[in-house]
Amino acid sequence: MNYQWNWSLLLDEPYAGWLLAGLGWTVALSVVGWVIALPLGTAIGIARTSSSRWLRVLSGFYVSVFRNIPLLLQMFVWFFVVPELLPDRLGLWFKRDLPNPEFWTAALALAFYTSGRLAELFRAGLQAVPRGQVMAADATGMSRPQALRHVIMPQALRIILPPLTSEFLSIVKNSSLALTIGVLELTAQSRQIENFTFHGFEAFGAATAFYMLVALILNLVMVSLRRTLTLPVAV
Amino acid sequence: MIEFDHVNKHYGAHHVLRDITMTVSRGEVVVVCGPSGSGKSTLIKCVNALESYQSGHILVEGVDVKSKARSAAALRQRVGMVFQNFELYPHLSVIDNICIAQRVVLKRHAGEARERAWRLLDRVGLRDKAAAYPMNLSGGQQQRIAIARALALDPEIMLFDEPTSALDPEMINEVLDVMTALAADGMTMMVVTHEMGFARRVASRVVFMDKGEVVEDCSTTEFFNDTKSRADRTRQFLDKILSH
Amino acid sequence: MPDLSFIARNASFLFDGLLLSLTLTAAGVIGGLAVGIALVLVRLFTGVVGNCVVDAYVFVFRAIPLILVIFWFYFMVPLILGRPVGAWTSAIVAFTLFEGAYYSEILRAGLKSVRAGQMHAALAGGMNRAQALRYVIFPQAITAMIPIFLTQAIILFQDTSLVFVVSLHDFLTATTIIANRDGRLVETYASACLVYYLICLAATAGVDRLKRTFAR
């Protein structure tokens, strides 16, 4: 293998700026997507465990749609198809006047895709809380929402905390798909640097390092969250 | 106080409660016993509407359990319940376990709820455990906290669903002592239990159930002393659980 | 009723795309399983150093996006081999090594799910570790693992669409080409959604049935 290493080029302009801008878009996509996906996924997850049959069927259909179609295809649908189906004026605004349309469509696609996965996670967590707990809450006269809020959800959250953090890592990774509709996030930038300089090792290495950093930070966050949320046990 | 009037319940083909008719008066302590699967847990869970039934009526304080005039939540404020497996909320401290329903159901202020909780902790002898979490308590302590939690809503009636059967033997008495004191204070109680010593000392009446029906419903003295008038199944059951 | 005859005209092109997606999935499952088994064996038989190496491997592949992995190998495989190999080979290498990380974790969790007492009983009965794994642990772990393997394969099937970025003509890429050429974005993408949805739904239903069979 014959390769000229040149790690210092990563510090040169414009490449350093590209990488940082890419990291910025990756973080922005992930955070915006997550902020939408979390409440949506929670609501759908609760609906999945509802006592009403049609709510269960409807939310089950929602989850199956967003989980059984590849994210990349979903992204294309949001970008190419949805604006065509919107009422004319809204579609036009979407295509022409919305600033950063690629960013917002990608964030929306990520949000809905992730909400389907989070819904399944919340459903599993809610169902993992022992039935006796629900009964105990009922027996003290709590309403369904009160029992959910004060008794069931706090326990479900503790159960799903580890997979929940790895879902956040997933949305960070999945945000890379936004490059296919033209968002210059981290992976796109490293690809572009490779194209310009033919120094793929350095370019992809830098992106890899950034993603690993995010994963490490998330690991730390999870460990400390777990420590604060874990119920004290006598030694 | 509680009236059962021809109550029937089916689980598919399984007839869980057969034509139950009986009355529990104010201040009475009724022990319900019987082999497993006899429907005794189901029976008391019908009283606070945790279980439903298909026909007949249950009146609590004169109002039908299924009546639209009183919500299930309102009914359950009047009827406290203690479970076999305690079912304390593991994510809340002992004092918060006792306060939570006061706060969200009765909308009491934090100070008022805490004051009530402290009094109840004194009553069950666990004032020093207020800040502990359930998983750090012994089974007996957890069950005493569960009793305090149920009492926090000032119920008129207390239901106990095998309160000591998940406990190690050395912890049973501390729980029965709390229940005995409660009975002495005049609480109306329905207790599903196999603790015949407790029944003999504390119960005003004993109900024996088998295969979904009430086989015996008589005063405690009659139940234990007048064994000749008891049905065969009752005697067999008593022989089994009293044999050692 | 929208005119869908253009889809029929392009059926064979689309079908070739679907075939490529399925072939890539199969290759990823087989290759990934082989790598996964190798990684677990390293864990089981090489002590601390081996475990650290596998931990690092798994961490890296689970920390970075699949697209980046595909780019890495698209760029690196020709460089290492010293000659151009094309997108197909590099994609297979990428999927194999990437899935290997996930499969090794599924295998590990499956083996862990068997109670420790079983290993002790087998060792106490005179078996060595390899025999204990082969005759006692593995047969018990396998029923827990197979449904998860298959679920992972369904995820992989969806993920093969990412070869779009190296211009391999999988089903999604074929769809996109036709959508753009015929200018029928809405109908084409909607049909593609339906195809993916039905395939994954049927596969998921199959896995659920298998789970129920095992549960009996």
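For reference, chains read A, B and C in written order, and residue numbers begin at 1 within each chain.
We take it that a residue touches a chain if its C-beta (ideal position, glycine included) is under 8 Å from a C-beta of that chain, and two chains touch if they have at least 3 such contacts.
The shown structure was predicted, so the numbers you read here are calculated from the model rather than taken from an experiment.
Chain pair with the most C-beta contact pairs: A-C.
For subunit A, the chain whose average C-alpha position is most distant is B.
Subunit A and subunit B have CA centres that are 47 Å apart.
For this pair, subunit A with subunit C, the centres built from the Cα atoms lie 21 Å apart.
With centres defined as mean CA coordinates, subunit C is found 54 Å away from subunit B. Counting partner chains per residue, subunit B shows two or more touched chains at no residue at all.
Those residues of subunit A that touch subunit C in the shared complex are 1, 3, 64-65, 67-73, 76-77, 80-81, 84-85, 169, 173-177, 179-180, 187, 190-191, 194, 200-201, 204, 207-208, 211-212, 214-216.
Note for the complex: subunit B touches subunit A at residues 48, 50, 72-77, 79-81, 83, 85, 87-92, 100-101, 104-105, 133, 135-136, 149-150, 153.
Residue ranges of subunit C in contact with subunit A, taken from their complex: 59-60, 62-68, 71-72, 75-76, 79-80, 82, 158-159, 161-162, 164-165, 172, 175-176, 179, 185-186, 189-190, 192-193, 196-197, 200-201, 204.
Those residues of subunit A whose C-beta lies close enough to touch subunit B in the complex are 130, 132-133, 135-136, 138-143, 146, 149-151, 154-155, 158, 231-234.
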